[in-house]
């Protein structure tokens, strides 16, 4: 029962984050198609952040599906994750409005990095409470995606000052990593030598 | 159980979309009845979009009522639908503020079209997972409304440049199609030759 | 189960309405206590509308507690109620910012009236579906509050042009009618002759 | 069942409060790191308020976990708590934007105080309904945190005019009191003589 309420609260926060992000897309006062053009980077940033929140919701969903008890530590590790996710709308808006200027693109990556770390901490907290041979520990396996993502974000932050396109390319790449169903991609990238 | 959380998340997003749309209705600074007049198209656009979100919520509700398992594909097809619905507030505001200018009216129709397609894809994904003789496949029947709606939106988009009134008339007509209880209207429009 | 989702969706919409209303309370740029003074009517309007949404949530809660099945008619009667309630933030803001000017005060009353009518229609729809000797029909009794409230709102609308203070006094009075526990007030106002 | 809906509504309101607070963090129009500097007090105020809402959600969660029946009095005591919590975004924004000026810092403390009182009233209402030997009465024990917090807020309000840093230090201290797990801190501060 406790778990249900934590899930419901997290769902509420994620639903609001995903929806208020769209408030950064301000309808232009003019009415031509060309007037939508400056909105394009804002729109694409919104699409990317929507995907990220969707991925977090999806993974959060699976993580708690294989969780029994909720402790105080898990509650706060979850709130810590929600904190960093709550910064997505403002960093998305900053990056989009400034057409991927270096600093906003780096800050966007920093918030992605902190959210990934918070997710990792939450996962560790649950596994520590449930034991190494728990359902969750088995479900995440070697967790190569969870380990690769923060490394790529970390690389993307300084690269934003070389070219924001490389950084945003990395953000899109990580999102796709999580979107494509696991088995197929794992076969290609990880389990090369046989099954 | 998984299904419950998908429903709860979708309900949250739809509840927020339907409520933040009203933020486009900005209270005028003046205090006469005449000062409300320029708000009228914004208000009517809000009413129309409120109806649409209500219809989507209603149908979503029925669709998942006859769904058992939720797969990864269904999760993402659902998020795809929510993405297009999340654009309703901004396109509603743009159309309303510009008193149904051609381009905003066409863009409004485009988002309606994409939402309709996303709904169709979600429905197909569920039926593909459940089998052709599933409860859902039986419930939607020949789905003439689901097939007619996108055609009408598609017609409304270019017609907005002839007269936005035709387009918005079509949007209202489609909304009414879904509002009026099925049996009565089906009898009139589809099942003309006998029962 | 269907009922649960209607309740959850309504709770979501009411929770968002009650919370976005507070966005009308904009923090002043200055930092003296005197700078809060012009916010006072906005604050009091917020308190009043918060009470009203609380009352609606409370009553909605009880109404559906004694409801079994949810039909298409009930779904739409419920959305109709949520529509009028969704206009509370904008009319509250308009009335508050203009320090209870006549027209905004009348429009506020008009939205209260429409919400009361929508609530009445929803109640009738549920009773029609459940039968006159249903739990709900018994629970609401003679429903004198539900009948008196719209009459008082109707009186308050023209009275706003005489004095907005009378109208807002009536709005406060109706809110208090619903807040004070039923039995005590009923004894005083209705059941005077014995019992 | 009634309890579930009160919890769901409260979760919804708390989820929205925690998320709209972030709307006060407006992305700057410039794109240098230095442009984020004026945002720092707004950001830190957001972090503090996020912690407070998290603590309230956490405690609310535990309080209702040991509650059976929900009465009209409990419903309204709960709405009264939500009312004061709903003022967090505006007072957080006012304090942050004005870089901890005395008056906004005092008003922030006043809202914290009122929320603490409302929480206490809600707790008393539940215990009054459940009896002194209820689960909740046992769970809260001597409730030294619940009694100390309002005293510290009360001290912080006038102290804001001496130095807002003392007040905000007190706000942070109270938040940490609640964050640190009970047993450890209780051992140090309360149960000094043995156990």
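Letters A, B, C and D mark the chains as written, and numbering starts fresh at 1 in each.
FYI, a contact is a pair of C-beta atoms (placed from the backbone, for glycine too) under 8 Å apart; a residue touches a chain by one contact, two chains touch by 3 or more.
In this text, all values refer to a predicted model and were calculated from it rather than measured experimentally.
> With chain centres set to the mean of the C-alpha atoms, which chain is at the far end from chain A?
Centre of mass proxy via C-alpha means gives C as farthest from chain A.
> List the interface residue numbers of chain B and of chain C, divide the shared ones by all numbers used, and answer same when the ratio is over half, different when under half.
Both copies touch with mostly different residues.
> Just how far, in Å, is the C-alpha centre of chain D from the one of chain B?
That pair's centroid distance is 39 Å.
> At what distance in angstrom does the C-alpha mean of chain D lie from that of chain C?
Here the centre of chain D sits 28 Å away from the centre of chain C.
> Multi-chain contacts only, two chains or more: what residues does chain B have there?
8, 12, 15-16, 20, 23
> Which residues of chain A touch chain B in their complex?
Counting only chain A, the residues touching chain B are 7-8, 11-12, 14-16, 18-20, 22-23, 25-29, 31-33, 36, 47, 50, 54, 57-58, 61, 65, 179, 181.
> Touching chain C in the complex: which residues of chain D?
1-2, 5, 8-9, 12-13, 15-17, 20, 23, 72, 75-76, 79, 82-83, 86-87, 89-91, 93-94, 97-98, 101-104, 107
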